[in-house]
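Structure below; questions to follow.
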Amino acid sequence: MSLACGIDVGGTKIAGGVVDEHGVILEALRVESPATDAEAIEEAIAGLVTDLRSRHDIATVGVGAAGYIDKARAVVLFAPNVAWRNEDLKGELEKRVDLPVVIENDANAAAWGEFVYGAGHDVDDLLLVTVGTGVGGGLVLDGEVYRGANGVGAEIGHMRVVPNGILCGCGKHGCFEQYASGSALVREARALAMSGAMIAQGMLQRAGGDLNAITGPLITEAAQHGDQGAIQQLSELGRWLGEGIASLTEILDPGVVVIGGGVSEADELLLGPTREAFGAQLVGRGFRPIPEIRKARLGNRAGLIGAADLSRR
Amino acid sequence: MSLACGIDVGGTKIAGGVVDEHGVILEALRVESPATDAEAIEEAIAGLVTDLRSRHDIATVGVGAAGYIDKARAVVLFAPNVAWRNEDLKGELEKRVDLPVVIENDANAAAWGEFVYGAGHDVDDLLLVTVGTGVGGGLVLDGEVYRGANGVGAEIGHMRVVPNGILCGCGKHGCFEQYASGSALVREARALAMSGAMIAQGMLQRAGGDLNAITGPLITEAAQHGDQGAIQQLSELGRWLGEGIASLTEILDPGVVVIGGGVSEADELLLGPTREAFGAQLVGRGFRPIPEIRKARLGNRAGLIGAADLSRR
Amino acid sequence: MSLACGIDVGGTKIAGGVVDEHGVILEALRVESPATDAEAIEEAIAGLVTDLRSRHDIATVGVGAAGYIDKARAVVLFAPNVAWRNEDLKGELEKRVDLPVVIENDANAAAWGEFVYGAGHDVDDLLLVTVGTGVGGGLVLDGEVYRGANGVGAEIGHMRVVPNGILCGCGKHGCFEQYASGSALVREARALAMSGAMIAQGMLQRAGGDLNAITGPLITEAAQHGDQGAIQQLSELGRWLGEGIASLTEILDPGVVVIGGGVSEADELLLGPTREAFGAQLVGRGFRPIPEIRKARLGNRAGLIGAADLSRR
Amino acid sequence: MSLACGIDVGGTKIAGGVVDEHGVILEALRVESPATDAEAIEEAIAGLVTDLRSRHDIATVGVGAAGYIDKARAVVLFAPNVAWRNEDLKGELEKRVDLPVVIENDANAAAWGEFVYGAGHDVDDLLLVTVGTGVGGGLVLDGEVYRGANGVGAEIGHMRVVPNGILCGCGKHGCFEQYASGSALVREARALAMSGAMIAQGMLQRAGGDLNAITGPLITEAAQHGDQGAIQQLSELGRWLGEGIASLTEILDPGVVVIGGGVSEADELLLGPTREAFGAQLVGRGFRPIPEIRKARLGNRAGLIGAADLSRR
């Protein structure tokens, strides 16, 4: 396989990298994202590709973006953070860079990256669950990215887990990501600290008494230093995560579940409670294969690596 | 295509039929199921096939059974109603009938039947949701039955929809089928009647004052005659069904959703509220293709027809 | 009975009035509340009393304030909107105005006002439920204000109705007031409008397309003009209200339930669904007296009138 | 004070006892209850009184019975286990025994017993929560039994704690007693054991492998011997109990909460988790008196003792 360029389009930054056939990033760049101007982002992506291409023999381009991508992997139907609506991104980029381009949902791209080069390199199937600002999902099955009928599947963060539950940015109540994301972790820790609960005082102290300085990394660090309040919060997050993954396993039957996203840095402080809750909720234990729950390996570069790799298949 | 024999193994009966390449059943038979004796059921199935084969030129056999079937479509890992545990059903039957046999989960088989000959004959993808004693699911995607990594997917009835909700026979609380099945419909109608609510008196009267005589068909019939209590119960069932299908659509992204099972006989009295709740819960309306919700067409023969057809592919 | 001065301490305003023995307000005044300065509020209250007293023969003073008041009706243990913590408000005010003063929780005072002069004038008992920014409660039983063991009872807004539900300002999840208050009404209507739902377009249009201009009065007005979205939102609010009142009735067994607060202006558009849900949820219908649900009569002056009246008993 | 006769009417037994002014039972008897025949029960009660009176100088009779009792403490409006409907039980018994009789709800009677002679002898107020087959409640406030407007209050077991939750015998979903009673404890332990969970194997073994032999006392005993599954089940029960008591405390503001009923025999294995959950859920911690949670002292004789004592006041 030749070199491929992977692009990861976020709400504030666009990352680009040159990826070889072993999944190694030979060079990576990052530019600001002019998120509200569809055409300007396309120019920025083309600029990144052109720049990287001047130093590397790039044959294809893969772009990962949050949102609904059509099944032909060409058109962005809707992107929550960027000004694309029914945008033929593949066409626009191919016009600009004169290389074959594929567009992929960012969680799908990350799932593919983990599948080929990361936590799933030794298995045939995996469900990636990313625990970050929201909860994202990507499924690889029989060596293919699962795309559903329209290309918009695996939006696991909006499975409803609590009727009349917490209001989600999507307008529904009780979405999975309101309970199992890094944002949920922070919201709950802050609410606990604000309520004056003793168990939250350690976190609050680490935050210099400033509620808004309680962040995901702070909670993880506190837990790693033995703070009981932080351990409890990660455990509670793990419980929701594990129970949600049990529902997803009934539906999708993945071979392996890989937990990624920023909060996965908490390692066993998150994964232990996740596995326990998962095991307690899965139907038919003893009569069915139980998917293993693993930590992701590629960190926040999984999407870039995955998108690059998908572009050359 | 030649003739195929389809077998549908239930808890109390085994149905067998000869299915032609148009999905037409040329002859059908039914025998009692000796459900507690694994070998006796195999003999019974073989007997059915042999009998039908004496009058028809059968080339293959497809068997649909409730439970977990392995991905090779050969071994029954676990069947809730029958005494099979890790049973090589394909091997046992091929020994007895000397024809190629495939084993399939019954809801998958029914989904396939509807896909090829029924409500989904004109589309490329469908999710079948059967609303009967429980809630079953089968997904056909890109012209293939979805089998997950291990062959045990699409068990949508055990997606959890209410934390700490109604206790399910599976040991978990709040499973989808405790809210969206025919059993749920009957349980709720009886509880309402028992509570003395005026609105349930019409149903109770139709049941001759006997709570236990309030059944799914009775509720449907009452609703079709304008009974407000029965209409409300079906509408409530439809609401749960539609909200659950919204979660499933986020995850699976089906092209079409087909509602089968006994309760689907209530037609628009069920499907109307289902569509309304589905539409109100789906994220990203306006920016994504919305799957159509249709009624199944093959009734309780979908599994037999689908199993037969799968055996010749 | 002689004239009494009633004071209603809010977060932004302090209202004072002279109330006669028929519950008629002879004169009323309003001043800004210096809410963050405990002493300044006391000065402001004393100023109001002195001013009114210069024109009326006031014999006693009753003060209603949100928060925990001790059982002796003297000390404000905690006030959410005002800078009082364990403040001997009775002592401070009596020093300043040289009249007997009683302090009462504002919802208790309002319940007493409705009991003596309003919707409960003909009964011996009532539970007042105020549906405003939050949900407040006051209970009058056997002709006495219910004060619990410590004076801090009837905080019905913080009964938990949904485990893991919407986060409340108090730090808990799923409090009643997150589902049955005017704030809940507005939050849900805005979320619906933001989601693009057709049914919310009428409200959004009335609001000139500005989500933030969707308010409680706007929703009520829209509903009174037949807007289906607004009617549905009030009906949903009524459902939560009625179901919560059913729980409260199991616990408190009130003779009459009076619905007050700004949203009660929606009249039957709110009270109808409230009664329906209440009736459907109450245990033992047919074997117990069912409390009547009525609309409050004194509007936002119930607290002032009630506090004044309590001061002369 | 003179001697009083206390009667406790259960579904299968009627207990009678002679109680002195120190709350000591001088003699106690028990007979079968002819529960389906209203008159026969009255005869049985009268027989018990007459028998006891032949050996003791009884001046009054107090009867405790499950159900709705009117505020005059005379008429049984409805009794779930006995054939009384609008039965003038006081009149019927006074005719037969020629002594003054008072009728009281059994949980109210037990609350009174604990208040005068048991866990609440040193306080002015208490809320008794009985954790047995169901969850019962009785409130004593300012030295009086709380009776509400109609005599049917403190039915705390039917406060709804989970919308769409477990179906209750009363016809509603999600009643408190479906989560916090001894029956809930047993139901959950059995479901866990049936699901094959390792953690439940200790309990199942103690029950000789028979699911139906897992009972409340068995779970308590197992927990006392360190069985992790049993400890977890009691802890989970305590969590529901404590969270429910938090809601009740917002509403009722009791001075002390006393936990009675059979499951309270588990002592700190139940009360520890109850206190923890209660503390974490109560609003305004730090600004309000927090009721102490204590174990009941009079066991299953609280009702008889309380009823006797109430009859002489």
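Going in written order, the chains are labelled A, B, C and D, and every chain counts its residues from 1.
Keep in mind that, in the parts below, contacts are C-beta pairs under 8 Å (C-beta built on N, C-alpha and C of every residue); 3 or more make two chains touch, one makes a residue touch a chain.
Here the structure is a predicted model, which means the values were calculated and not measured.
Between A-D and C-D, more C-beta contact pairs join the chains of C-D.
When chain centres are defined as mean Cα coordinates, A lies farthest from chain D.
Centres computed as Cα averages put chain C at a distance of 34 Å from chain D.
Annotation: 52 Å between the Cα-based centres of chain A and chain D. Counting partner chains per residue, chain A shows two or more touched chains at residues 162-164, 170-172, 195-197. Within the complex formed with chain A, the residues of chain B that make contact are 68, 77-78, 85, 124-125, 137, 141, 147-156, 158-163, 170-172, 243, 246-248, 250-256, 281, 283-284, 287-289, 291. Touching chain C in their complex are the following residues of chain B: 163-164, 195-197, 280, 285-286. On the side of chain D, the complex with chain B involves touching residues 162, 164-167, 170-173, 179, 187, 191-192, 194-197.
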